[in-house]
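For reference, the structure discussed in these notes is given below.
Just so it is clear, A, B, C and D label the chains in written order, and each chain counts residues from 1 on its own.
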Amino acid sequence: MTILEHKPEAAENIDIFQHLESEVRSYSRAWPTVFDKASGSWIRSVDGKDYLDFFAGAGALNYGHNNPVLKSALVDYIMGDGITHGLDMETVAKRELLETFERVILKPRGLDYKVQFPGPTGTNSVEAALKLARKVTGRESIINFTNAFHGMTLGALSVTGNSMKRAGAGVPLVHATPMPFDNYFNGVTEDFQWFSRVLDDSGSGLNRPAAVIVETVQGEGGVNVARPEWLRALADLCAEREILLIVDDVQMGCGRTGAFFSFEEAGITPDIVTLSKSIGGYGMPLALTLFKRELDVWGPGEHNGTFRGNNPAFVTAAAALNHYWNDDKLERETLRKGERIRQTFMNLSDMFDGVSTRGRGLVQGLVFDDPADAQKVCKLAFDEGLLAETSGPSDQVVKLLPPLTISDDELEFGLNILAEATAKVRA
Amino acid sequence: MTILEHKPEAAENIDIFQHLESEVRSYSRAWPTVFDKASGSWIRSVDGKDYLDFFAGAGALNYGHNNPVLKSALVDYIMGDGITHGLDMETVAKRELLETFERVILKPRGLDYKVQFPGPTGTNSVEAALKLARKVTGRESIINFTNAFHGMTLGALSVTGNSMKRAGAGVPLVHATPMPFDNYFNGVTEDFQWFSRVLDDSGSGLNRPAAVIVETVQGEGGVNVARPEWLRALADLCAEREILLIVDDVQMGCGRTGAFFSFEEAGITPDIVTLSKSIGGYGMPLALTLFKRELDVWGPGEHNGTFRGNNPAFVTAAAALNHYWNDDKLERETLRKGERIRQTFMNLSDMFDGVSTRGRGLVQGLVFDDPADAQKVCKLAFDEGLLAETSGPSDQVVKLLPPLTISDDELEFGLNILAEATAKVRA
Amino acid sequence: MTILEHKPEAAENIDIFQHLESEVRSYSRAWPTVFDKASGSWIRSVDGKDYLDFFAGAGALNYGHNNPVLKSALVDYIMGDGITHGLDMETVAKRELLETFERVILKPRGLDYKVQFPGPTGTNSVEAALKLARKVTGRESIINFTNAFHGMTLGALSVTGNSMKRAGAGVPLVHATPMPFDNYFNGVTEDFQWFSRVLDDSGSGLNRPAAVIVETVQGEGGVNVARPEWLRALADLCAEREILLIVDDVQMGCGRTGAFFSFEEAGITPDIVTLSKSIGGYGMPLALTLFKRELDVWGPGEHNGTFRGNNPAFVTAAAALNHYWNDDKLERETLRKGERIRQTFMNLSDMFDGVSTRGRGLVQGLVFDDPADAQKVCKLAFDEGLLAETSGPSDQVVKLLPPLTISDDELEFGLNILAEATAKVRA
Amino acid sequence: MTILEHKPEAAENIDIFQHLESEVRSYSRAWPTVFDKASGSWIRSVDGKDYLDFFAGAGALNYGHNNPVLKSALVDYIMGDGITHGLDMETVAKRELLETFERVILKPRGLDYKVQFPGPTGTNSVEAALKLARKVTGRESIINFTNAFHGMTLGALSVTGNSMKRAGAGVPLVHATPMPFDNYFNGVTEDFQWFSRVLDDSGSGLNRPAAVIVETVQGEGGVNVARPEWLRALADLCAEREILLIVDDVQMGCGRTGAFFSFEEAGITPDIVTLSKSIGGYGMPLALTLFKRELDVWGPGEHNGTFRGNNPAFVTAAAALNHYWNDDKLERETLRKGERIRQTFMNLSDMFDGVSTRGRGLVQGLVFDDPADAQKVCKLAFDEGLLAETSGPSDQVVKLLPPLTISDDELEFGLNILAEATAKVRA
């Protein structure tokens, strides 16, 4: 199914990772092989085995591995000695990206955002967003949500939920207060009952927040989907109380849920938006922070970063926008394929006890009551040539993030593997 | 002097930057042109003007722009569909880099470091270093130095000196206490008088620190050079009191001062080392965190980041190590060229009042008593086709960071421009 | 009704307060007169007007003003040159207090507490409690409740709800997270729904707490009464998760709700208890911190305070315990009188719209939907010779804290004033 | 030498302290006896032994134990049913104190301070001072000094130096940075070299401070005396940079160093002054916070405390001011007696190696190179009937704080004991 060439490697070398790489390594433990090449939805190990990739760089490869359209633009740029490293100097590649981003993304959606290049990763973008929100409001406190994931640098980590990752900080994480994400109590509680009450009670002990930071779908948190009406109510609640709304679209943006921005379905306009992962298109580091024009109170150089001008990623980013976002075909296909997964997962939920499903567009989760089952399914899938990871606080969710460009046959092939693995584990 | 082709652009487009990019942009204000292409020590604007680059991506381009050796490896890798985005999965490119790094860098220097991929930027590496130091020691406090620069995410920013950048945090920066960098008092005070005294006085009010973080030469801080004996005394002081020593070699590592690591000259072995900027070789985002084997107490996934496996940068990193670091030629050349700059700057210091110089290897500063003079020199240089930036708390230092691969003629060309600009400003 | 002598003062002197005392003064604005003498339930102004005191030093005068039993012991002690100021030296007065406290209070209740003298105020006791909880558990985070009040020093303030008081800190208050107090949602939500869920969800983003601090009745917060079953569930929740339970009994202890400790009714045994206000008996500064024997991990002098050995207050404290707590008479009387107030307030609630009531023992609140009404009632009462203050986040509650020793006639007299004032305001 | 009556106590009761009082107790370990009565400079144990008190309640008993002038006023007040507990209501006793304080203290010194009653202890006063400084300036950072002691609540503790006491906080203490106190480097360094440099260097990493808090003589820190010229330079440095100067005069105020305020000798006018310990005169809890009129930006009730209106202490405070501060007799006597101690200590320093001395007025320290010697001297003194405590980070200083009212004979008697003990230990 793939046309990658096979180049065998000497087995004796394999333990350099164990010898030299820190114990912090993680994915390499779940998928114990050495990967070599990749193309589209497929990734090949050094011993020649092909894996269908339902993981897609944790959402950084929405257009597949080594997408030929982007590859062509990238190689042309490199061969033509285009600027590689540009900090925040003006370059032709950056101009192209800005123009494209405005024409293809912002203008058609009526969004009057300024664009910041905060450094090339999602956590850089979140740090910039939090700084800006604090500067604009003069307040320090941030509201985050249960099971949120926003990054691993100190500012982003303080708004992240996972207790193991938080403990890694080595200092008490402060200035953030978690609130219940949508459906945290399975519908028995009115939305924002707690949040709106403590905001409006001057004796509640909640520091008045600068901003709320939210993912529309919590990927790392276990594919928790916020309903559009919940997001709208959240946006209203923020607007009424002059609290900035930050949508962290690092993983769910760039079409993962269908539309380019994951918040479009809800019809809201966040004050600040973070983008990374698939914005570069080709899997190279890039991040943007978007914010309403009137919030652009930054002083020159008040936030910076050596790799904020990763020009080859500007080139592939612009190429991806031009190729995939000038019409609504990708969006429609994403929704159609997402529905295809949902149907399979609904069937599995019906067939097996202790299994349920949730998701939006091409982020779909198969939820197991027993987290061990989710692990087993992913393990079996790997053995059968499929990469899928678990997420959620107990790793109880098999989370699918296939490339948006996956073919129907590939999707079918992968879903069959997962169905069989689920049957084996739960039957 | 360069062979870049010239592709003119329409002038009417230039204000997309003003219209769309955040006010946070900085370099584009100092160098008001749109850059298009680059090669070696040269960078060309869209209107065809060539600039000699004495700035080199703030130290991220030690091997010059679009170095042909690295470019060739990079393009081959991309054309061959090598893995682009790999998180911390094991890949052929990563294996190659680890093996090369151990063989070319660690082994010959007798360094038994583990290697962490903390995310692709210097600030990621600093955040990982601080987290690890806190986890290992169970203490939260860090000692940094006056005029330090370590990055812009919240953890790294808290150990950074610049008041404007610190204010951008929007929360009080805590858990770090500044100490005087070498020669902060122009030699009138004994080294570590204050630091060692407060460490040893149980009533001093200083929280017992987990670690000291230091740059051997403070680039952003104004080309402040720590003497080898000061670094040795610092290392001893830390060792005696069981405080971890972190050398932030993001800007000064990878040969900038001569040897691969900037601390080699002092003969010390830090507990933790951060690398980024030129470690990728080609200007693409990459960072490493190195630490002594016994400090590797990370749990799997306790620190992560989407772009920590930027495989194309692994390829160029390995190629750069192989090409430039198998012998001591680059190191010798760097020292020789650095000496060349120093001579010029010494002459300027002798000729003009209010001018002095300091530096090590190929980071050299021309210091003006009047900061306005430094600005003027850089402005004149830009007009004459030379990129050089100022640094220091008052931007009073013209800081040179030319590519290590610069030719003698190029160096001469650039130094002449600077000498003439200095003469114009100070005469 | 009182036998205080009247000593007129020159009116021209009265503005020394305006001239010299800080704008921070508060009660003197609500009750614009100069008080001179006091006895039992009465306090007399310098111009000879007597006020019935339904406020009792904010709960510091449970045994009335200048209680003759305590006065006698106090004067004897002073006249006999007993130690006045003793830090934490062993003294006869302290020995007497410790023995009495153990015999009269701890033993009969089966409480094996150690006793700390943390400094002579409630906020000192709260600070000591928080320090100890953090030291015992090695965690820094504390759970407090909406509308809690625990004191004004930085540690105590961080667990206090009132936004105006919190803002006074001038630094972001951290390390505490508010949870909903009992009945915060008027019964529509299951108890501890939010708290137990975030504790048990490792992805919730809540720092694992060292302790929970709670008042059984929130006096300053608006006379919010926790139900016994809620307190028991809270104690169980803490015990199961190895979180220390601190009951702040500064205002509600010493018999205010009937039993000596306000938590006795619920049948729980807190890990740590704070006492102050009426523990000294005579209105002189004194505070105790009690904790389970096994929690006494303090090192000598690890917490201290110049006035922690206020020996005259030890004398009056022991006298009060001996006189009032050797049998259950005071407790029964408190409950009977509390019921008397409740009946009056129930009637007022029935008679007037926008009025309701809540309370326990001799802390009873008359709640007005419109905060302005509560102010007016207190103002009218003052004019009629009754001191009562408002509380709650909007000052919407007329809070009664009469001396426990108040006579039935005095109670009747005061309730009539309040009833008439309420009628005037609401009719 | 004393006329206290002797009332024997049963020895079997003595262990209630061990059984019931927390391990945090401290002085009772150094002076293992039960004290019963006290008068003037003497304190008597329950077994009838008299001790001369060179400790005076850690400076809270400047006028001696149970001073008859104050006792008389106090008993009259209590017998006359004066207000005991008054929060911040206006009372006759408070009016008397304010008028007296203005007439006797403020006016003659030309001080236009407002007076706050922040709660009855030194740490309350420090907390109020820090809050006010932060509110006025809008900054959060405070500068403190090595070996400072300001109190044990969280705000005050964060500006305190002692590492054992700091560790008791259980949370990282932040928002304060220590600077070297006068003579920290034995004169080899220019005053404020470090402090003024980091203040003026925008790259130093020091958060711009709201205030400096300083003791003119550090009592707990080891009787470290700031020179008048150092204090003047500090005041100038603060004034030039718009940083508030807080003098913590809790221990050194009220005449301990001669003049009423310890800063008078230097001729400076602090922005904020804290008073406690001896301000009440009789050893009962009282504290004041003084600040320049224009700094009184407090809102009503923004800081409070149940025992801020300890009226019996107002009475003794006013009596002490009237009796001792209407002329300069006490000041002259204090200086004369201090000189007497200094002479003895100078002689001891001359006679014995490893002994030196420092002090001001009636706070004088005998410093031993070997801390064990200081312990031994205090132990021997206790055995001979003299109370004196050690201070300093290693407890190497025998610190004398005798009552200011001590007689020459008493002073002689005590100094002889100390001289003999020193001789025994060092000879």
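Keep in mind that, in the parts below, a residue touches a chain if its C-beta (ideal position, glycine included) is under 8 Å from a C-beta of that chain, and two chains touch if they have at least 3 such contacts.
All figures in this text were calculated on a predicted structure; none of them were measured in a lab.
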| item | value |
| --- | --- |
| Most distant chain from chain C by Cα centroid | B |
| Selected pair, greater C-beta contact count between A-C and B-C | A-C |
| Inter-chain centre distance, chain B versus chain C - centres from mean C-alpha coordinates, in Å | 59 |
| Euclidean distance of C-alpha centroids - chain A vs chain C, Å | 51 |
| Contacts with two or more other chains, residues of chain B listed in rising order | 140, 164, 171-172, 175 |
| In the complex with chain D, residue positions of chain C that touch it | 4-5, 7, 9, 13-14, 16-17, 20-29, 31-39, 43, 46, 57-61, 65-66, 71, 74-75, 78-92, 94-95, 98-99, 101-102, 114-117, 119-124, 127, 130-131, 133-135, 140, 151-156, 158, 164-165, 167-172, 175, 210, 250, 276-277, 282-285, 289, 291, 296-307, 310, 312 |
| Contact set on chain D toward chain B in their complex | 140-141, 144-148, 159-164, 166, 172-178, 180, 184-185, 188-190, 193-194, 197-198, 201-208, 221-222, 392-394 |
| Touching residues (chain side chain D, partner chain A) in the complex | 171-172 |
